[in-house]
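In the two assemblies presented below, chain A is common to both, partnered first by chain B and then by chain C.
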Partner chain A sequence: MNAVLEAFGMVATTEVAIAILASAAYGMVIGALPGLTATMATALLVPVTFYLSPIAAIATIITASAMAIFSGDIPGALMRIPGTPASAAYTDEAYALTRKGQAEIALGASLWFSALGGIFGTVALMIMAPALAEMALSFSTFEYFWLSFLGLMCATLVARSSPIKAIAAALLGLLVTCIGIENPGGVPRFTFGFTDLLGGIEVLPALVGVFAVSEIMRAMTAAPPPPIPHRPLGSILGGQWALTRRYQKQMWRGNVVGVLVGALPGAGADMAAWIAYANSKRFSKEPEKFGTGHPEGLVESGAANNSALAGGWVPATLFGIPGDTITAIAIGVLYMKGLNPGPTLFTEKASSMYALYMVFIIANILMIPLGIMMIRASRHVLRAPRAAAMPMILLLCAVGAFAIGNNPFAIVLVAVFGVIGYVMERNGFPVAAMVLGIVMGTMVEQNFVTSLIKSDGDLLPFFERPVSSVLAAMTVAALLWPAFVWLLRRLRRPVPA
Partner chain B sequence: MTLLSRRGALAAGALAGIAPLARPALGQGRYPNRPVQVIVPWGAGGGTDATARIVAAVLEKEMGQPFNVVNRTGGSGVVGHSAIAQAAPDGYTIGMITVEICMMHWQGLTQLTRNSYTPLALMNEDPPGVQVNANSPHRDIKSLADAIKAAPAGRLKASGTGQGGIWHLALAGWLGAMGLRADHVRWVPSNGAAPAMQDLAAGGVDLVTCSVPEARAIIEAGRARSLAVMAPQRNPQFPDVPTLKESIGVDYSVGAWRGMAGPLNMPAEIAQALTAALQKVWNSQEFKDFMNARGFGMIWGDAQGLAAHMERTDGTLGAAMRAAGLVRG
Partner chain C sequence: MHLSDRMTGTILMMLGVLAFWGGSRLPAVPGQDVGPAAFPMVIGGGLVLCGALIAIGIGRSFEAPEEAPAEAPPGLAARIGGLAAFLPPVLLIFYVLVAERLGFLPTAAIILLAAALALGAGWRLALGLALAGPLAVHLVFYKLLRVPLPAGVLPAPW
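Moving on to the complex of A and B:
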């Protein structure tokens, strides 16, 4: 109890309050700019943390990353540009809602369920950190292989097209991940001697290209759509309580998936969002509505990516293993401030840990008023005439892609993927499935090949380890389920006849 | 572009006008008179980025002009290293180069070598340690080395970084120094030291060669042990970990270093001014506190020191890469 009071004293200082407020506003703005990710928002804060007290330093990172992950949903919903890879899973859904004139439902759901997911993740971090960390440590490459394979199988679920086209699109994504030297063999593939291709295709330029640039191209060729009725945005949180009641089960499932996936090093918020979205569609009573502007999937995956953010701190604080790129940076700051990750952080420096939890809760509560302000400020984008908006969006895409690594080649990538995305959508291939292939491909390959190296080419260990065998069974079941359903229908049909 | 060059022309004209008057007063202290760009070939948030940012922050205080860190990522470090080498040699673009400059050219990934730069200063080096799972029967490095020698080739598995990465070469070189083939212990490529340490804790591999600071959290969590470091001396941060030489008499040391450098043909007085300022940075309390907090190894070398260090590394790593069958072209 003393530690909690002490922690309260550490958080309730002017310095921490200013740090939280300033980094919240900063994270909100960076996340909303297409191409500028939550990771970049955090990285740019590191030099600032040199001059802050330990709690204030960690507070800036927690607050800025939580805000940026949420506000990444804003350009996704309004302009179909996912602000961060974590928003890509449901960008199409949110954009469809906006086109239906329900932008406030889309953004409100993102905001409300992001905040709830973040708070749930923090509570999970508080009471289950050691158990979650134990689970994360028992995951070897065999388990990661099955997990990423399961993630890849979501491709047929996230798409609204025929499964064959979805699989084809996912395979194209896998081909894209083959480019570069970042493969288990360390051998350059498909680089054609270009230095810029050595590092492979980064996810973000591809994402911005296939979603945003292809949308701009379509807008140029198609007749202007019926204008969205000019009316002020309705109440942002008004409809959310009804949604919470209606989709309570989905919200809890998204929270739990988010924490579990987030706690696994290397999996992170984007994978959590994909899996949650696919789960939501699979178990939905009205899966046919997905992709047409249906909030159900938004609820589940919006909750999942923010609870994953808190989950990522579990292995980071207990073992110094980054759960994602954001916690990788946070670990560096923890060391610099003398809060070395490890079990001792929870015992000897318990008050600092409690202070950290409090910052998490404060940040997620603060997200709601700040988010509403941000949504209200950015809604004008919808009213801008198309001739003015589209060139601006294109410029933002280029600037955002360049900002990732100050590398002009990223702009070329955005353009190339814009064309690919346009051609694919024209012919009914879902771009979301290709993005999923790009996101998961490296993980699938890396974990498959390294597992085979470890087992000397033997496939048996993929099914032998306990967790691995469960995941394998889930994968096989997911593969065979459609066939089983089909068989069941066939067997039942003769009965009434 | 036109705007920039016009401004540049104006500035040059103005300078030409005042230069004769100013020279006696300002002398050598004139550099730098505008912001300096510091290129980092690796992404924001990593160890190299953090080191470059603290160096830049202290340099700014020393030299009175902003030193702006710019991450030029891509091409597994080739893009950023090229950007440093190809910049105008006027002292306004410098960068942090890393051990990969002594590796990439052997693999035929780039034409760039250590000779493509004006060396300024060596700031840091982290030697690899040899880590095992806490439940491993090997309490010391001798027991592990004996087990490695006794095991058939390919039985034991090690990890720590990608195929052909610095920690892979550390293992290959160590095995070579013990008279074994470079692939006697099979390398399991990983996506960096942290996932490798996690796999070690999960029982996926037998040993991990990576720097001790990278392994620190897992060791402190009681999940792994560090048996030795491949360095001439023990790390003052981790005084209990012996060196290879003192424990099993194998004299092998290699490390991941970071240094500051500029493009070739930088004016000598500017290079000297930067080296002198970097020495002050290295000796500053801020830099020391940062490096100690992160557990990064501190090693100083001036321009000649860095050049000699690069030459030595280039030879050692070239030999290790040849032994591991990674040399191409």
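Moving on to the complex of A and C:
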């Protein structure tokens, strides 16, 4: 109980309150602008978190990401352009509702079920994480190796792309982490004589490059979104209670799917929304109405993408394995603020964890009034010309990367990773897999090499301990799954002559 | 910048060979079998394998069909085609090269102006952005967050 009170004291400060409000407004605006994603919003926040207390820093990330995931639904419903990839799954549905003159139902459902999903996800995080922490305490390097490896494999499984390209992308990310002197021998590895490379590639400039600069690069060759038509909006939360009662089962299913997909390494809010929408259609009593402006799918997937956000924090805080791209960034901030992820975070820094839960709840409650304001103001916010927003983001990328260590080399990294991310995306390589590789590389190598040293170069002990053998089996299954799916498809559908 | 699978696969294979070879030349830790070489060599091997599979087109059936290319926006981009995509990284490198000598405010103004014009902004919007943007960013990062942005030839008024 003491820890809870202490946590309350940490959250109830002016600094945290200002951090939450400011990052909420920021997240709402960035999420609503098409082409600016929740991950980009989070990555650009990191330099600012340097100057905040640990709890305020985490609060900005949690709040901004939650708001951005919701507000990505706004342009989706009004203009049929998803503001963030997490809204893409049900954009057509929401827009169909708008065309039927029920924009307020679509936006209200997004808002209401986003907030409920976020709160459910937080409760799940509160229950799941400490229970798993107990188990994680008995893990050795073998388990950690398989766990991180399995995380990488999961990321390649859920990518909507060729699994081989996803694995290649993850390997590229791992290769990036080989650079520097932080390796088992302490020798300069792949530094090519550059002193700037001795310290290794920092994760944050790489993330800013991949998620922000490559997005700006794409905008350079894509047509700007059309102007938003004026539509009068009725009461936004008006019909939501009736929807909640009518689609209660769908809401719970969406919540649960969201948490599980979110907790899966590498799969985040966008994947959760796709899966929840597909589930909703499959199990619906009236699947023929889907796509014509039917709120059922909206309820389920809107709930899923926000609960996924909290689910992503489960592996992030427990093992330092990011559940999605947003927690990949958050892990960096956790380390920076002395809240190193791991099972001991729940015992030694319990009050910080309680504070984190509180921020999650506050952010999701705050989402409702702020979301209503944002929906009402969306006509004006969405009028902001892309030709002004994108250059400002570019400038912020440069200044933000520089601010991390007052080192101009970070800006070079941002540019390089922007190009890498852009080229990879254009050729069907999922960048999320590479990012996961970059974030987890050091961990994979450390546990791999330590385990090998412990076993005298023998591979057998990797499979001997009970938990590690289960994890190994899961990893192998994940590796072979695409081949299995391919075979199944071949058998089902006879090859056309 | 769309490359064929054969091309990207070959590039990955070459990268894998380089990683393997570079890793194998690293000095070992005395008295130990496993050292800094193990990890890059494993990754290099994996990259060669993946590159080969990609080059021969395995796994292509899992890829989502490519979206229809969007029409080119007005402005500069229309004239130089796909190359316009590479303007943002070029501007970032430009910042690294000149910011120290020229100072933050003029450098940032040039970047904003160039990027806005390339995205099809009118002169009024682009100039307004180039005037107000750098000052706002400088105020927040230099004054509030105390990031040592270079003063150069044009120091900020605060």
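Points worth noting:
What we mean here is this: the second predicted complex is superposed on the first by the 275 of 497 C-alpha atoms of A that agree within 3 Å, B and C clash if a C-alpha of one lies under 4 Å from a C-alpha of the other, contacts with A are read in each partner's own complex, and residues count from 1 in each chain.
Methods note: a contact is a pair of C-beta atoms (placed from the backbone, for glycine too) under 8 Å apart; a residue touches a chain by one contact, two chains touch by 3 or more.
Bear in mind the structure is a predicted one, so any value in this text is a computation, not a measurement.
Of the two partner chains, chain C is the only one touched by A:P408; chain B is not. In the superposed model, A:I453 lies in contact with both chain B and chain C. Of the two partner chains placed by the overlay, chain B and chain C both lie in contact with A:P47. In the superposed model, A:T344 makes contact with chain B only, not with chain C. In the superposed model, A:L395 makes contact with chain C only, not with chain B.
Contacts of A:T325 after superposition on the shared chain: chain B is touched, whereas chain C is not. Of the two partner chains, chain B and chain C are each touched by A:G185. By the touch criterion defined above, A:K165 reaches chain C but does not reach chain B.
Once chain A of one complex is fitted onto chain A of the other, the partner contacts of A:T14 are absent, as it touches neither chain B nor chain C. The contact surfaces that chain B and chain C form on chain A in the two complexes overlap at residues 47, 50, 184-187, 406, 409, 449, 453, 456. The touching residues of chain B, when paired with chain A in their complex, are 43-47, 49-50, 53-54, 57, 70-76, 78-79, 82, 109-110, 154, 157, 159, 162-165, 186-191, 194-195, 197-199, 201-205, 216-218, 220-223, 286, 290, 293-295, 326.
The residues of chain A lying in touch with chain C in their complex are 47-48, 50-51, 160-165, 167-168, 171-172, 174-175, 178, 183-187, 189-190, 213, 216-224, 385-388, 390-392, 394-399, 402-403, 406, 408-409, 411-412, 414-416, 418-419, 422-423, 426-429, 444-445, 448-449, 452-453, 456-457, 482, 486, 489. Of all residues in chain A, those touching chain B in their complex are 39-40, 42-44, 46-47, 50, 136-142, 180-182, 184-188, 195-199, 265-266, 315, 318-322, 325, 328-329, 331-332, 335-338, 340-344, 404-407, 409-410, 446, 449-450, 453-454, 456. By the touch criterion given at the top, residues 1-3, 5, 8, 12, 15, 19, 22-23, 26-29, 32-40, 42-44, 46-47, 50-51, 53-54, 58-64, 66, 70-73, 77, 81-82, 84-93, 95-96, 99-100, 108, 111-112, 115-116, 118-121, 125-126, 129, 133-134, 137, 141, 145-149 of chain C touch chain A in their complex.
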